[in-house]
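Look for chain A in each of the two complexes below; its partner is chain B in the first and chain C in the second.
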Partner chain A sequence: MTDLMPLIRNETIKMVRKKRFYVILLVLLVLVPMFTYAQMKVTERNREKFGTDWRRSVQQAITDNQNSLGSSRLPEEWKKYRQIYIQQMKYYLDHDVNPQEPGGVTFTREFMDNASSLFIPLLIMGLASDIVSSERTTGTIKMLLTKPVRRWKVLFSKLVTLMMFVSLTVMAAFVMCYAISGLVFGYQGFDMPVFTGFQLNGSDVDLSAVHAVPQWLYLFLQLGLIWFVSAVVAMLAFMISVLVRSTAASIVIMMAALIAGSILTNMASAWQSAKYLFMVNLELTDYLSGTPAPIEGMTLGFSLAVLAVWGLASLVVSFLVFTKQDILN
Partner chain B sequence: MRSTAKLWRMISLLSGIATVLLICGFFYAVKDISNPSSAAGISVSPGADSGSEQPAPSASDEIGIVAIGDSLAKGTGDDEGEGFAGRTVELLKQENPGREVKLYGNLGINGLLTTGLLDELKENGVQHMLKEANVILLSIGGNDLFQGAEALEEGGDLPTAAELNKAIDEASVRLAAVIPAIKKLNPEAALIYVGLYNPFSDIEQMRAIGNTGVTRWNTAAQTAVNKYSGALMIPTYDLFAGNLERFLSSDHFHPNGDGYEQIAQRIVQSLKQ
Partner chain C sequence: MEQQTVISSAAQIRSGQPVLEVRSLRKRIGRKWIIEDVSFTVYGGEIFGFLGPNGAGKTTTIRMLVNLIKPTAGSIQIGGYDVRSSPEKALGQIGAIVENPEVYAYLTGWENLEQFGRMLKGVDEARIKEVTELVRLDKRIHDKVRTYSLGMRQRLGIAQALLGRPKLLILDEPTNGLDPKGIKEMRDFIRRLAEQGMAVFVSSHLLSEIQLLCDRVAIISSGKVLAEGRVDELIQNRSNYVVWDVEPRARALEILSNNQITVLKQPETVLDDSVMAGIPEGAIVCQMEGSAMAGYTALFAEEGLRIQSVYKINPTLEQLFLEMTGGESID
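Coming up: the complex of A and B.
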């Protein structure tokens, strides 16, 4: 432990000096205002159409979805989604709770929900993809490994640093999103009730366990789930970074995997065994909001298990390869 | 080296706190999702504030229109997607340039039967919408009478006179319950029931049966509406009887854009200005 701390510290300083984290902050600083502006436009248009009365717009959304259920061209899977959506919206109406009370906190909640499967993993990739491979590209790996420190300790210090920055990234995404969207929508909404605990049973929603939580708690839970996803993505990117010499190649591999995941998810997959792939299991927050999982038979426990196995396996591979590998160039 | 030491302390502290918090959130979330019934929730009193913030109907000078019922209310067959609801709003806007005319919502659902409508009227969201409107446009019954319409498209059998009569007898009872249900929700609003037309008057063996059925239905609807002030039925039978080619859409059941325009004109004519 005594010789680990300086290593971790060293890696942390390197991470800061490489300015990767600033890039992440910059990306957030540019993109979040864009999303905020888009959301503002949507809100404006809704207000034009439905006035300030959210019940009307929710009821209209219910009716529109009911209508689309009758269409024979709609795939069965999508019908299931819509039936679930209708039942959830009715629940909100029955309890007189606005599912989209405008405010910075609501915006942040929805943004994080959407960001959890692609946007935040991409940011994490930016941190993780070159954490080992860049040492090779610049040749500094020789200096690192000629120190009188066991190799696994070197790698471990990099992993710990990475995890530290994963936590910081998730937090930064939340803080920036709240700070920026609050300028437009206001900073209120932490105590607004949000419903969770919808249990899905085919196209039926079991409402018996639904309970309201204040939005701050919901966000807290949501961020926790996003953190887990991010940690697993970081471990995978970490492995790729160990295996592949070039940073560019390692970014491409991870990016391709993530994007393939979002495409597969959208296909409402009939390919059942795709559920064992890590990238279709990234939307853990869906289990919180009660959105049906993309493939039949996926539950929170299942997704967690799949992600954990992928994460652990990639760690094992990383350490095995790194400690045995010959450093040539 | 002072600055690196400071930087390290700051980053390690921040990330340490963040990690602990996020891990707590993660475990709480797992617990909450896998065992939702035991999770403590805050109580939300249903509709506690709905009484106070219920906007009074016709509070301002605004004309708020809500359409409810079947595919005709929705506007199926209209290429522009407006239906008589959207077109009524347009016409009213032209006639009343000074007033705000808004379509509060279109609750029309394709294929809705009178039974379905009675269920729908019990829903909170629907009730809320109806309470706010000053004009309610209702279209229902077509599917009860001509349920075979889609079967007809696919070469099914035409409804017989006996079947039609039975359907009318049952559905008109439910229609007689729909009108007071809406009136009870919103006594102030003008309720306009759009009468039925016979979409089959150009089919030889259906003309007489359909005409008789539609007439019986419309009479029943008229009777149901008559009891209430501010409720009325507008006829469409005569519009379509000789103009099926002109006013029906390609499915030979729903009106086309022109047909909806005609219905909308009648609605506007019947509205007290």
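Coming up: the complex of A and C.
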């Protein structure tokens, strides 16, 4: 470990000096206020329509969804989603809890739910995609590998550095989201109860395991799951970066995979074995909120296992290739 | 005196001890044998030239020396350690620039040296300072590398190669892209390093340029070493050429062939371009010892031939190379 520390320090310096992390912070700094503003508009409109009583707005949402169930043009899939949504909303109503209690914490929770499958992985890609390929593009890989240091140590130091910055990115996303949205919605809401544990059985929701957790705990669980997704995406991007010499190609490959994932999520319910693809398993936070998984038979444990296998496999490939390959240019 | 201490550890290797031993190196990429048979030895304190045309396999060989490419067969020993089986120990004794000196453009020269210093043992701030002064980069070392000229990058590359007090310095085409003044400075610099006991391995496709610099050379072409040895010895065994510009030409040719002197029909295949350019049109180039010149001059005069000029061509490495490869193009 003593000889790994200087290497990790090197990689950290390079990462900081390449200013990738600042770009990520900048993206968050621009996008979060945009979403905050959008959310503010929605809240304003609801207040105009339903006054200050949140029950009316939830009741309206339930009624709207129920009405649409009668439409024959609605695909079966969607009906299922809506039935589940109706039952969850009813549960909130019955227990007199506002699912959309305005506040910085609620906004952060909802934003992160939506960000976990595409937005956060995209930021992670920005960090990971060029971590090895940039050394090959610029030729500095030759300087690294002709030093009296084993190749696996060089790669390992890059991996450790990447994981540190992945963690920082996830933390930064949460903190900035809370800090910025709090300016508008207030910083309260940590103790607000959130229901979790909805078990889905076809279109029925099993409510027996549902319990309330304070929102801070919910946020904490969410943070852990998003961190896990991010770590796996980082490992995959890391592998692509080892395999592909050009940074542009490596970004395109990861982007294509992620976007394919979000498309598949919407249409893959008939294709059972798609559930073993990493891309459809990225929305881990859905299991917390009780949103149905895109394919029958997917559970939190299943998704965690699939992602872990993909992550480990890409690490194995990365290290095997990097330590063996000929550096021809 | 100050420079003596800079490379102190290199001096521990006595001259005459092999620092780098390459035995029957072969490399196949795909189905093609890029390197077919390369063997040579570099001894401590010498400047060793690795010469050959572009595409002969110089860079591939160098990449194998520094463990960037795995040889298909053969062995490479650096200071007694095998590059494949104990890379850490073997690479610890060399400093190298492979092709261009590529460093991180977004860092300063100093930060680059710090980066590489952390990968080596016993490199502290004082050492980085020392090396910076040695390559005369101390005025610009805290500027971003992005702003450096090619010559400065080259010097920074050498600085990082020297950082770990190597016993063997490997420079791949160090004069590429330098102006004539830069080339001269580079040669002086390499000589200074060698004087302090470090072995320097220099590759080049410009044979005449390196001839002035190297103690010993290996000449490589199409993946094979054609010759290895001291420059003067290699050249000594080669034939000498004499250029005659005489009138009438036909009579001179007749006399020469009567005396069994070989006249070159296509001198451009064995003589390098700079020599060819100086030969007058219609001159006769023949293979003959310089000592025989006086005799033939007298003979031609006796026969009533008018001698415009006559001179001897000193053999060069390039000439040697052209002879060995049968006029294969150098570039």
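Definition applied: the second predicted complex is superposed on the first by the 328 of 329 C-alpha atoms of A that agree within 3 Å, B and C clash if a C-alpha of one lies under 4 Å from a C-alpha of the other, contacts with A are read in each partner's own complex, and residues count from 1 in each chain.
Convention: a residue touches a chain if its C-beta (ideal position, glycine included) is under 8 Å from a C-beta of that chain, and two chains touch if they have at least 3 such contacts.
Small disclaimer: the values here were computed from a predicted structure and weren't measured.
Annotation for the three-chain superposition on chain A: chain B and chain C fit side by side.
In the overlay built on the shared chain, the residue A:212 is in contact with chain B alone; chain C does not reach it.
In the superposed model, A:116 makes contact with neither chain B nor chain C. In the superposed pair of complexes, A:144 makes contact with chain C only, with no contact to chain B. Chain A has more of its residues touched by B than by the other of chain B and chain C.
Once the two complexes are overlaid on the shared chain, A:327 sits against chain C while remaining clear of chain B. Contact with neither chain B nor chain C is seen for A:133 once the two complexes are overlaid on the shared chain.
After overlaying the two complexes on the shared chain, residue contacts for A:13 are found with chain B and with chain C alike. Between the C-alpha centres of chain B and chain C, as seen from that of chain A in the superposed arrangement, lies an angle of 160 degrees, given as a multiple of 10. Shared-chain residue A:220: touches chain B; no touch with chain C.
When the two structures are aligned on their common chain, the gap between the nearest CA atoms of chain B and chain C comes to 9 Å.
Contacts of chain A with chain B, set against its contacts with chain C after fitting on chain A, overlap at residues 9, 13. Within the complex formed with chain A, the residues of chain C that make contact are 29, 63, 66-70, 87-92, 94, 96, 98-100, 102-107, 111, 115-116, 118-121, 160, 164. Residues 4, 7-8, 11-12, 14-16, 18-19, 21-30, 32-34, 36-37, 39-44, 46-50, 55, 74, 102, 104-111, 123-126, 128-129, 132 of chain B touch chain A in their complex. Every residue of chain A that touches chain C in the complex is listed here, in rising order: 6-7, 9-10, 13-14, 17-18, 138-140, 142-150, 324, 326-328. By the touch criterion stated above, chain A contacts chain B in their complex at residues 9, 12-13, 16, 50-51, 53, 55-56, 58-60, 62-63, 66-67, 70, 89-90, 93-97, 163-165, 167-168, 170-171, 193, 196-197, 199, 208-214, 220-225, 227-228, 284, 287-288, 300-301, 304.
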